[in-house]
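As written, the chains take the letters A, B, C and D, and residue 1 is the first residue of each chain.
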């Protein structure tokens, strides 16, 4: 479905970096959800460029809801959010439009769209297109919050600097999630934040860029969510996450670390505590057999270094096919990982919400448990 | 869509480990594809259990095509493949059916299906359900081969042992892919194979299990495949891969390794060689902006250690909620990673084929390139 | 999705008239539904050929469930039903395979599948492919019956003979639905049945065929089902019905009769009776704005005369492109409308069930009504 | 998918009658289509209210493309069209918001959306929501025109007045389609137009409304389009048409008329003329077995009388559940059938285009015809 995702809350995204507006339509939202515009703005702010560690393009990013909300509540019909583009410097791009930027979508979009794509600022491939996702995610996060489901992400690794992993203890984890809510450079340890910002500033000073790994946690998702065989919870979450530009790795629980252990070391023992089934460890990241098990869902997402750098790079001119040296013009980010955290939270909320609704669809008709 | 995946070649999978048969329906195949049953059997054989490093359940695994093929060619209507189950030992499972096996889907399936799931041998969650996928994948691989597209996987890591990564040189890579075709324990270096088999035997002797990482390469996929925003090539491939039981990590190109580098280190420079656009390195694994760039597509897939181990584990009895010790009965694999390679190849073939057809859908109507 | 339909209970159909077996997979069924095999067989019997008014091909049509049912209950995982083909006379078709049968899919399938289609008995285009639909529909009808939702169809018109329309009074309608359950040539008035059978026999004697109109009623569907804009209840029901071979018209309530009235004549007045909102007439067939209103859903489906007739017809030889006279060999039905009624009931059940589950998906999260 | 339709050119529609704007997103369009804004405006004009036979609400209906078009050509990324609402009289609706309008979606929307729907002017259920469809359809019609495929509709029946049916002769049909292009009250015979307008004016004078039947023709669709079993061309077209508010019947070729004939009377004989396969009659409306046969596709669509009438009607107050008399306030149409013709053309174009792209997806890989 290309630019639409979701079976229940279907998101359709549109717009280009230098067009008049970008936006998103959410179809299938429950009716009667009170829209918290303040929260939406807070989320938008987390994604905004800031200081020396971000691009100097500054957009107001005020999401305007043009349908699907009436007297402050969702109507249940499609909710469309528009965000105007204001601070474009399109001329920055016209000069170099034939020089294909390495590690960008310039070449692939050119092949795919036969040269008709809007190349300015990356067009539909710009990271800017994640802004409507954050506005949409704010609504999904609200709905989940009503069910006491919470999501947070932090930068567990930024180039050479590491942060602590999320706590295993549920109380601690809950406190960490709470603490992460108000920060726009989310780490668990403050020193990690300081060191990471330094790394990014150093990269910026050097005309270079860095990436990293985001760790995310979703708590209180009930057991039973996910639709294997092909719509395992991991499949759905990974599908959503890999739509975020610059994501090159997605893993669950121990993730690639599983390869270093034996089954007896990493199998999560099962216990019954506080009137519910739990696992004593959570190496599987809250998912077994593609279905949530009630434990925190733990996800790692790798963000590659921003491809836009100020250093000279080797490329070709797409018109002449000749080799050329490229120094990228325009304003860009030496790192996007801190801005990406809220985008990750947003798509996780949309993914989890959708999977929960899929579950509800069948539950209404299968309400009697088999006697053992 | 739960047990159906694909927009063009739609796969619907069905069956349980101890039911009468398992199978798959492929809908939307092109008509006129000659079915190479010999190749299908070879692929099935690669997935089969073998020797001390595998389960002692031995199934003939003869795929029978019951529709969609006429006089040796695909008809273009749904092609259904059935595989009989023969060597079930269902009684192994009845005794311990209330003891939830750690890291398995026992608990999550029980919650999801309210106790009605077929628990024997993992039911629909058994690795056995991947057998029809391999039969289906054989057809997809054939169609891609007709387009000179080739896919191969090897075990780049098995517990403590590592193999070489795929070669950067295209000629070497082609030779490696060719060489991997005939092996059922695929590694690039023979010594890696020997050492890995030793690791697995050691785990088996210890009643334990191991996992690892599979590296896959797909060559000659044309540039322009993939449908961002939400159906980036990474999103689609990851969605398919995460449906394979035991997969806990999927990454592209450098994958999580991107977090350790700066943009200037990993941006793939662009050049024009042999009359086509290439990148001098392939850190992005053949995908930029969610669209193939014509370079080899490189994927890493992490397989966790088989959760079935012979060691005693802590769990609960689902009926009584009491803690119990569990020693898993039945026949199982100390490692599945070698058997998983052909499953990974199969789903990659299905995923890539589907994305190529999506591209064809639009190409017919947009056949004139913009003049620059 | 071609051979798959449904968002929640996804049906994937496969098989050819003269292949080894035909079948269907139902994915997404609620777990814990007791399978009533007796009822399934009764439904299959209604579709079976009978007497002089049907084809002389006689198939046992015993549906065999090979997955998704365990100990008598649905498991919630894909349920696959197989039906063996036994009584094929393939040689009837080989002789005339190049002579395109008028009003059949011979020519269109040949173009679409480039000559690779299984032409014997119409292949995948045979009315025989509706047998698995009836087996699947039996399960859907059972689930709906658990919710007190009932479906029945009768032949309101067969060539020159008409039956009464369904009663407006709900009690009478309920009795009519009950009475229709046990008949395999469903009409409301017995004389209509007798006269219609005579018509069919006359057509048969003349080597000709007839069609007609089926009127269907679905009662007790709650108000609120249907997903406009594009998935109006009419859109979904029509989509399902038009997959049945030979259907050429689908209408709701007054249907095409609406064109003969003014708004004031046909607007259904609204009243509050027996503690619920009703309409005093039901010209809209239980659907307003694409959403069920709680009144009986009334549907008309037009079935064209069976295209297979014994009379000589003008056609061409597809190999030579020359005009040829064709007298169709093989066994066929002078009318299928009586056999089609149970097929219509089946797809209606699948359609309504799916729409109800779509509604349930959202209901769980929107449970508080706005205060007026 | 509720408010999204299409597999290739996916349309997502949004907005309410009295919101700030309504719109549509088209995703999956081929790149490089020159946008003919003049043609889009002409199509919009056909849908506009006019004279005494239409509502007095007058909207400029200027579609504004905010994404997916760059330098006059489609980019291949989502194309979003916005249409501002300007001439709302919301207060007309506030006074009577609790009085459920008969034959409208007031009651069903109220149940579905729990009272949160925007009731003003019918909200998302307003016929106004078809305006973006016409803008979108203009683009689809253009793309089809590039393939020499043409679509036209006329009012074959309006209450008591009938028009001629489309001609059987292809040349005549082509001329009729051409002639219908420029009219905003489309009939084949001028006298029919005059008589129909009189009917509508008489209904208007009487505070009443009328409906009718639209006949549509699509010419030059190649044989082979349509995806049975479940996505027969009839299924897809009916699905789209039934999303248009007020449609209560859809039929193909002879449609319900099939019930009055025998097979020998209506089977379309096959011939080979002018180097292509044709049928001598076209009773099947260009579709056999759910697949186009190259003949004109002929569709009948029944539009019920506008439910908004000025006469007093019986209804209830939804808050009090008491019976009340209702005289609908606001501006409304005594007939919408003339305005609906262009909407029908638009959705037909979107449906056919989508089916053609589905066909292209598979064609690229199945390009060799079987030798007979």
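Definition applied: contacts are C-beta pairs under 8 Å (C-beta built on N, C-alpha and C of every residue); 3 or more make two chains touch, one makes a residue touch a chain.
Source: prediction; values computed, not measured.
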{"item": "Chain located farthest away, centre of subunit A as origin (C-alpha)", "value": "C"}
{"item": "Chain pair among A-B, A-C or A-D whose interface repeats that of B-D, sharing over half of the contact pairs by residue number", "value": "A-C"}
{"item": "Centre-of-Cα separation between subunit D and subunit C, whole angstrom", "value": "25"}
{"item": "Separation of mean Cα positions, subunit C and subunit B [Å, integer]", "value": "38"}
{"item": "Distance from the mean Cα position of subunit C to that of subunit A, given in whole angstrom", "value": "44"}
{"item": "Residues within subunit C bordering two or more other chains", "value": "1-4, 7, 13, 28, 31-32, 73, 76, 112, 114-116, 124, 366, 368-370"}
{"item": "In the complex with subunit A, residue positions of subunit C that touch it", "value": "7-8, 28-33, 73, 76, 143, 146-147, 356-358, 360-366, 368-370"}
{"item": "Subunit C - residues contacting subunit B, complex", "value": "1-4, 10, 12-16, 19-23, 25, 27-28, 31-32, 66-68, 70, 73-80, 82, 112-118, 123-124"}
{"item": "Residue numbers on subunit B that touch subunit A, as the complex places them", "value": "1-5, 7, 11, 13, 98, 100, 102-105, 107-109, 111-112, 114-116, 124-125, 129, 157-160, 203, 206-213, 223-224, 226-232, 234-236, 238-240, 242-243, 245, 247-256, 258-272, 277, 279-280, 283-285, 287-294, 300, 302-309, 311, 313-316, 318-319, 321-323, 359, 366, 368-372"}
